[in-house]
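Two complexes follow with chain A in common, the first pairing it with chain B and the second with chain C.
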Partner chain A sequence: MTRHQLQILSLVLVGVVSFGLPLVLRSPTYLHILILLYLYAYLTSSWNLVGGFAGVLPLGHAAFVGIGAYTSTILSLQYGLSPWIGMIVGGILAVLVGILIGLPTFKMRGAYFALATIAFGEGIRVMVENIDYIGPLKLNGPRGLEIPPLKTGLTHFMFAGKEPYYYIILVMLILVITITYLISQSKLGYYLNAGGEEPEAAMALGVNVVRCKLIALAMSSFLTALAGTFWAQFTLFIHPKSVISLDMSFEIAFIALIGGRGSIAGPVLGALLLRPVSDFSRIYFGDKLPGLHLIIFGVVLILVMLYQPRGLQEPLTRAYNRLLDRLTGARAEQALGRSRA
Partner chain B sequence: MSFLEVNHIDVFHGDVQVIFDLSLHVEEGEVVSIIGGNGAGKSTLLKTISGLLEPAAGEILFQGSPIHSQPPETIVERGIIHIPEGRRLFTLMTVKDNLIIGAYNRRADGLKEATLEQVYTLFPRLRERQSQLAMTLSGGEQQMVAIGRGLMALPKILMLDEPSLGLAPLLTKNIFEAVRAIADQGTTVVLVEQDVKHSLGMSDRGYVLEHGRTVMEGPAAELMNDPHIKTAYLGL
Partner chain C sequence: MIYLLEDTINGILMGSIYGLTALGLTIIFGVLKVINFAHGSLLMVGMYVAFWAATLSGMNPYVALIVVVPIMYAFGYLLQNTLIKPIFKAEKQVREPITVIIVTTGVWYILDNLCLLIFGPQYRALQNNPLRGKMLEIGGMMLSVPKLWGFVAAMITAGAVYWFFQKTRMGRAIRATSLDREAASLMGINQYKVYNMAFGIGTATAGIAGVALIPFFNVYPSVGVLFDMKGYIIVVLGGLGSIWGAMLGGIIIGLIESVCPQFMTATWTEAIVYALFLAVLFIKPSGLFGVKYDW
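== the complex of A and B ==
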């Protein structure tokens, strides 16, 4: 078997396992944990378009989750529109807000950009918390919105069991990974990378760094808002602290930094590692030590930054490549032996 | 009308004025050296011409039309390419990808395969190393990539900021030979250097900058023999 075939085989294997898991794993608790794992892998991959490829550190992405969640929920509660339509509308709205945020903030560098995005994210949360109505649209302030589980089915984006949600977020995750992969191979990916590392050199070559970053942010906020709709339909209750929380923005950045920002596998590996920590610390220590998972994240982040500054994807990718070498090398030797005999 | 004309510009970094009422001109096909000590405003001048900085007063004309209020990408499109000081490579990309990014502008994009071939002919070392990460190259090779990346943008005027910075004497010689070859092929070159002997030695004309002002200008050979330049920059 060639190296390429082995790579495809391992991808197929991962695919079969992730699609087959709900058939084996009947416990709703574990399915719930997996759904959140995929959701965070999805959110972090979307974030990665800006935070990884463009080399800046946005810490306000929860705002886009909130925009997606609120838009689809309001449209379905008040106008009876299917959440799938609301999902797209929310995405478009998030793009507009993203560009409004990006225009002033992309002129800043380093920590100033990060701080400015926190301010925008928190600003949007505080606004939603204090607004009951925007014209005819009911936001209901801090009390949030409840989605009554009246009709189930695919068109209503509402299901009795957790399995359909599992498959929806899995497909969304596969799509977002494909999109980030395609962008990383595109011209835009290279320009983002160049502008992130040496903005002045990139500009001197005529790369419009700010425009490239704005395009990346627009795509990122669109994709992030889609996850907001999913989150709303999954929990059937949204309020500002749940869908626009700073914790969520931070957790996305944690996952990316630990997994390896700017890589395709990093966000998925990071979520695979950190989400269980998050969930199990909530299950076992939630009453006595709430927020313990953030302390663990902090310690892991310090260790990773000290020893693997490009994230855990790097040693893991290396190990995977060595494994492939060993497998293909062994086969080559075998073939050699056979021809000699 | 000169090819590139800088007329009475003032440039500030924040509140600090770096360039005072500076004028110069560059003719098509010339190699012009700009020399001066640290803080004389050489790099600032290049950044202003390439649009990374905007002059507070004065004008910059390229082929007769003003460029001083245009964004860098438009100026690149017009054909003025600035190779900033300190190489500034995209270290985690391969040599080839670094070069290809140089062909960002629309004029250069369609011709990039042919230009890449020319760059590899000029720097055969880069062809050998094309799939290596830029961070693994030696200083001299990195400077070759930086120059090659500038050439990929198909410059009408190539502005180099301290290409010999931090290089061993032999490599410095190689780099200057490459710049000479680029000029001989018809590209106009503006060269900012601290290595005055080498840069004036290969230039047609030179300007001497001190404290943000032009204090001297003239044919390179004349400047080389000027007593002030001999004592201040050549240490003779």
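== the complex of A and C ==
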């Protein structure tokens, strides 16, 4: 088997396992944890488009989650539109807001950009908390919106079991990973990379850095808003503190940073490693040791930044490549030995 | 009319305390060129140290300063020396290492949740508090005495820090490093020691702010987050790195919070503060007193 075949084999293996998991895993609790894991992998991968490739540190992505969640929920509650349509509308709205916020902020330097995005995210939360109605649209302020589980089925984006949600978020995750891969291979990806590391040099070479970053932000905010709709339909209850919280913005960013920003595998890997830690420490130590998972989170964050600044994906990718080398190398030697004999 | 004046004065008093909480943030940014995301947590630690010092020894909360300031200075010095210095050494050519933001956020998570583990989530108010609820009546206006002392503490601290940076030899060395770290190193200034000291001073001012707050403010593990967000807004408003800018920024925020509820729902003031912050970022990112070079 060649190296390429092995890579495809491992991908197929991962695919089969992730699609077959609900058939084996019958516990709704574990399925719930897995769905949240995929959701965060999806969110961090979307964040990675701008936070990783464009080399800035946006810390207000929960605002886009909130825009997606609120748009689809309001449209389906008040106008009976399918959440799938609301999902797209929310995505488009998020793109508009994203461009509006990106235009002035991308001119700023690192620290200022982080602060501006925090203020933007928190500002949107405070607005939603204070507004009950925008014209005819009911936001219901800090009390949030409840989605009555009346009609189930694919068109209503509402299911009795957890399995459909699992498959939807899995497909969404595969989609965003594919998009990330395509972008990393495209001209835009190279421009972003250049603009993130050396903006002056990239501009001198004729790359419109701000425009590239805006495109990345637009895509990122669109994809993030889709996850908001999923979140709303999955939990059936949204309120400002749940979908537009600062904690969520930070968690999205830090999962990506620990996993490795600017890489395709990093965000998924980060979610894979950190979400179970936070879920299980909450399940087992939540009553006796509150906040333990955040301490672990902080320690891991500091250690990774000090010793592995490119994220955990780097050593793991190296190990994976070495494994592939060993497998193919061993076979090549075998083949060599046989031909000699 | 008298109410408006009362609110204005109370806003200035509370605002100066906000300025004091943000002072460390602006000092650390001014010298290290990084935003310390753990600053709110350092303030929280300062409040806990002051709280326990006053509670266990039974002394006046303001006397606790003699304990709080050295402890906080040492804490900040060590924190910078062990966690942040390696990043500066690894990323020598980067002027504003973004990694520091991330590491200090890790410190924030750890400190807040460690305090949650150790002290529990309950709100603690000072028991042997000679100043609790004390009011001063001037011409029909009621002014809070602990806030008045907070105002005095804020002004003295800002003045002392300003004097230290302007007039002393060490202060000049710190300012030289903040202007150009390579040139300062060539003049024989130990860059990392200066950073440690600046971080220590910034943390010590957070401790002073903690002392000023505990006579009228409850202590709980996530209290820092409340002042964190205000701190960022204040320092950007006043100009990152400017000491008097932070005080003025704090007073502006304090005024908005105390005067605006006279004209609108109180919860909207928070939205106004954020809008003002974004407006300053977009129109004049260097703030009221900031140096243009720094943004």
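Definition applied: the second predicted complex is superposed on the first by the 336 of 341 C-alpha atoms of A that agree within 3 Å, B and C clash if a C-alpha of one lies under 4 Å from a C-alpha of the other, contacts with A are read in each partner's own complex, and residues count from 1 in each chain.
Simple rule for what comes next: contacts are C-beta pairs under 8 Å (C-beta built on N, C-alpha and C of every residue); 3 or more make two chains touch, one makes a residue touch a chain.
All values reported here derive from a predicted model rather than from experimental measurement.
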In the superposition, chain B vs chain C on chain A residues touched: C
Partner chain in contact with A:H4 - chain B first, chain C second, else both or neither: neither
Touching partner for A:N208 - first (chain B), second (chain C), both, neither: first
Partner chain(s) touched by A:L115 [first = chain B, second = chain C, both, neither]: second
Touching partner for A:R322 - first (chain B), second (chain C), both, neither: neither
Contacts of A:E200 with chain B and chain C, given as first, second, both or neither: first
First, second, both or neither for A:Y191, with chain B first and chain C second: first
Which of chain B and chain C A:R143 touches, first, second, both or neither: neither
Partner chain in contact with A:V126 - chain B first, chain C second, else both or neither: second
Set intersection of chain A contacts, chain C complex versus chain B complex: none
Chain C residues touching chain A - in the complex, by the definition given at the top: 29, 33-35, 83, 86-87, 90, 96, 98-99, 101-103, 105-110, 112-114, 116-117, 121, 221, 229, 232-233, 236, 240, 265, 267-268, 270-271, 274-275, 277-278, 281-282, 285, 295
Contact set on chain A toward chain B in their complex: 190-191, 193-194, 197-198, 200-208
Chain A - residues contacting chain C, complex: 57, 104-105, 108-112, 114-116, 118-120, 122-123, 126-127, 129-130, 250, 254, 257, 289-292, 294-295, 297-299, 301-302, 305-306, 309
Residues on chain B engaged by chain A in the complex (per definition of touch): 50, 52, 71-73, 75-77, 81-84, 88-93, 97, 100-102, 104-105, 149-150, 153
